[in-house]
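Should a chain be cited, it is by its letter among A, B, C and D, assigned in written order, with residues numbered from 1 in that chain.
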Amino acid sequence: MDRIIPDNECDLRVNIGRLRLRNPVMTASGTFGYAREFSNLVNLHRLGGIVVKGISLEARPGNPPPRVVETACGMLNAIGLENVGVERFITEKVPFLRNLDCPVVVNILGDSVEEYQQIAHRLNEVDGISALEVNISCPNVKKGGVAFGTVPEMAARVTAAVRKATSLPVIIKLSPNVTDIVQMARAVEEAGADCVSLVNTLIGMAIDPQTRRPKLANVIGGLSGPAIKPVALRMVWQVASNVSIPVIGIGGITTASDALEFLLAGATAIQVGTANFYEPRAAEQIIAGLKNYLHEQKELSICDIIGTVQTG
Amino acid sequence: MDRIIPDNECDLRVNIGRLRLRNPVMTASGTFGYAREFSNLVNLHRLGGIVVKGISLEARPGNPPPRVVETACGMLNAIGLENVGVERFITEKVPFLRNLDCPVVVNILGDSVEEYQQIAHRLNEVDGISALEVNISCPNVKKGGVAFGTVPEMAARVTAAVRKATSLPVIIKLSPNVTDIVQMARAVEEAGADCVSLVNTLIGMAIDPQTRRPKLANVIGGLSGPAIKPVALRMVWQVASNVSIPVIGIGGITTASDALEFLLAGATAIQVGTANFYEPRAAEQIIAGLKNYLHEQKELSICDIIGTVQTG
Amino acid sequence: MPEFQEKCRVSAIEQLASDVFRLTVHAPLIAGAAHPGQFVMVRVVDGFDPLLRRPFSIHQQFAGGSLKLLFKVIGQGTHILSGLAAGDTISLLGPLGRGFDLACREPVCLIGGGMGIAPLAFLAKRLALSGRDSSLDFVLLGARDGDEVSSLADDFSQLGYTVVPATDDGSLGHHGFIPELLDDVLPAVSRVYSCGPYPMMRTVVAKCQKADVVCQVSLETHMACGLGACLGCTVQGNSGQYVHVCKQGPVFYSGEVAWTE
Amino acid sequence: MPEFQEKCRVSAIEQLASDVFRLTVHAPLIAGAAHPGQFVMVRVVDGFDPLLRRPFSIHQQFAGGSLKLLFKVIGQGTHILSGLAAGDTISLLGPLGRGFDLACREPVCLIGGGMGIAPLAFLAKRLALSGRDSSLDFVLLGARDGDEVSSLADDFSQLGYTVVPATDDGSLGHHGFIPELLDDVLPAVSRVYSCGPYPMMRTVVAKCQKADVVCQVSLETHMACGLGACLGCTVQGNSGQYVHVCKQGPVFYSGEVAWTE
């Protein structure tokens, strides 16, 4: 896995619309902080892209602890979208990010369509940002807390609003907690999304029988990690087979083999999430592993394997 | 865990409507065969209940192999509902089942509302069956293959038809592959279900990068095992908090602690599924563990802990 | 047929080649009931990764209650097994499935390829103990190289069998594949027992059919339960229907299953 | 501040009590950069169950590049760690977080309860090496029983500290809880370093506040990353905001965090 192949031997470059990546391996929002947290452990300049922790218009304190709990081959989190708010993000985090030789994608979130639009607008003027990823798994406060990402019309509305507010490529990040993921993807494609990324976390819960209390203070939380990979891969395959825009695959990816499953299923790029916690070098190892795979399979470019799973 | 406490010290009995169980620990459909398969390894008479492999009107050959693949803390299956059909079930399997000192629940499935109704009707006359569990995760052939369990109206129609065709208690088994599990549960409650059981498997996929083919011949399959427990538990909690009929919890249950999470979340009984494969004594160990828990917690009856999770 | 779940103590582990190991465990209940060709399901960890038990043929069985498993490191499960040490305990389920039919008094030929050799050792011992003249029986063993097969070949020789090894690299015995040796042997035997890679067995079966020699084969498929409950272990039967390897097999008469490309 | 990921060879594992172990690993990069009070994140298996790394204080650090971890078996992760043997390898991430502030020339008191003793050994050694008169410094160690604490207490005594153990069962030293000893000690010290169960530390903090003695505490919370990335490790700060234990801690001045019932 770790054998280094010279970069010129094989071509890992992919394009997400106008966004050019040197390789398809990105890090997922909320699992890589604002990148600086990993700068001692990971060569950030080798990554295909970095998606930073979700940013809202105003700073948010997040949920009370406990916020994380381990589950079988996964974890639940209920961070509650803690973040410094867009203004402090711009002054405190962007200067470091701007100097990276790696595309930076800003993950945004909001309580209302207007909030999404405002934050997209504010970030549009900021130098050093390559794209926006829109987290639509958030509750729509005006609609009684139903998540934007579970109702096609609401997802489309957010997409159109962000699309209008920015000239950056817009990636809509889909929630897996839906009956029909293809319907959601089509809705945001029609509303102007340049790309969809999926999946966000599955909603889950854990209880401590000794205390008879939920293990998370927030009661429910988002399930991530290897446990969800089969569900994520199925959804990526379904979406990639049914939309024309590029798809970014997310969910339990730890190894090059995992990443290849998503690429073969039709993802143009992938994001490494929870794996950053237990294996901080996962993204770098995946990049090396993809090169080895191309080499072994005698393929010249990663683009030649995207979507080539033989389901017939 | 294995210390035996005399049965009279604590009371594990629960009622699922008219169905009386000596303890809340059942085995899940498709993971316990027709019970005989485990008779060498498990004392069947100690179980709370046995749900047999799903039965259809006509025998079904099932899907081509490979049908099972391991995933992180879980497995995917695409058995394709292979079964001997209701007539051979009655002649070949029921005689053994009838002699068990343990309620036997028959899991039924169909391609159309009429098929569900016919099989329910046929089983109604058969001695030795305590209840029907209706698998609505099957595709509705008349509606282009959309699963009955993903559309409230379709689920309600199946429920009402089965309800009409049998005098046995009717348990509707819900699919987790939906946006709003409470809506599904309410729909079948209103249509006359005596109980809901959940969850069935999550739809997933796995690909072999070496062959570039799906690992299952059927491409997609059902994810089960500890990996799905947090999602199943969340859904059971949501449903139990929102319907009046009893709920049976299913999904990744392996230990007494797992079972307790579901009981605390509001399940009146639980089913052990995939765990039967890697730990055939799981159900028996859970029964022993529940007794120990009542003992430690100084509770007299398991009913006193059902639904008592403190979420406030 | 009795089946048991036993927590077994590992009494020894030997490394036969770089990736081939032989594990000895104390499993008196399973050993006491085992028949050649049957298998066990092994739980390799206490946790859930990997989740499922792994199927392994019973390689050897001893009156004292010990069993040996012979295995090659393939993935996570076998890697973990290879790291076991004497004193560790693992959970076994068995004996499972339908084994070889031993009711044959005429000379036989045992054909094993790679880890398919595993069940043949137990079979060879039982056959030899049934009072036959083992020197009339053949054992053809195929392997990558001599390292992998030499000590296994000795086990058969000691029982009096005529052993012919074949290796891919020619480092021991015949340089090439097992089926190439079969034409010479088939006229001298009236039954073949075979276990190994699918292509090898397909050729063996074709040759046996042509020579009108009864052939029993042991098949491998992915298994979740090993007990006939999950219905995951199907292969295509001879007349369109599916058969379940864990219950109707793993040993089949060659005519019971379909042989495809 | 430098952080490293190292594959480390286990050089020894000692069992100090029925469920308390001390692990020695060779981790030259982490050991070279470590400061008392910092911690490491340990990956306990190669697979995914358990998935997350486990946080452990750096218990001892040696110039040769070794580290010791002291731990109690709580659940799956620590159970697996307790089964490690010399020669095994594990992955460590560290040194992480903010450690103790050593800039105090006056007499100090180290207070450890249970496994909270772990980071104090490293702290005690660094303090002692800074040329102070350690006999003026106190070490109060609380434990279930003498078994758990006696060999640990010796480590501190050898450095010249005045060590006072307290045990729940009275089998060694004071019969009762640590804070009961504190009233006598506080007048003689100008700083307290504390690590242990939350209720113990809350009492220690209250007593220090009353006596106007500066107090640093090391906190525990569930952590997914240990790197400041997941935001999972929050505790309530002193003025309504949340603080992150892995980055702003694990060592805090007592006034930086809120102390609740």
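We adopt the following convention: a contact is a pair of C-beta atoms (placed from the backbone, for glycine too) under 8 Å apart; a residue touches a chain by one contact, two chains touch by 3 or more.
Computed from a predicted model, the values in this text were never measured in an experiment.
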Query - Path length in the contact graph (chain C to chain D, fewest steps) - result: 1
**Report entry** Distance between chain centroids, defined by C-alpha means - chain A, chain D (Å)
**Finding:** 36
Query raised in the report: How many angstrom lie between the CA centroids of chain A and chain B, rounded to a whole number?
Result: 34
Query raised in the report: Taking each chain's centre as the mean of its CA atoms, how far is chain B from chain D in angstrom?
Result: 47
Query raised in the report: Considering chain C alone, which of its residues make contact with at least two other chains?
Result: 48-50
Report summary line: Residues of chain B that touch at least two other chains are 71-74, 225-226
Report task. Would you identify the shape of the chain contact graph, picking one of line, ring, star, complete or other? Result -> complete
Query raised in the report: What part of chain B is in contact with chain C in the complex they form?
Result: 30-33, 37-38, 40-41, 53, 61-62, 64-75, 77, 79, 82, 225-226, 254, 274, 276-281
**Report entry** Complex contact set, residues of chain B against chain D
**Finding:** 72-73
**Report entry** Contacting residues of chain D [partner chain A, same complex]
**Finding:** 1-5, 43, 48-53, 93, 221-225, 227-236, 241-242
Requested in this report: Give every residue of chain C touching chain A within the complex, in rising order.
Outcome: 48-49
Query raised in the report: In the complex of these two chains, what residues of chain C are touching chain D?
Result: 45, 47-50, 76
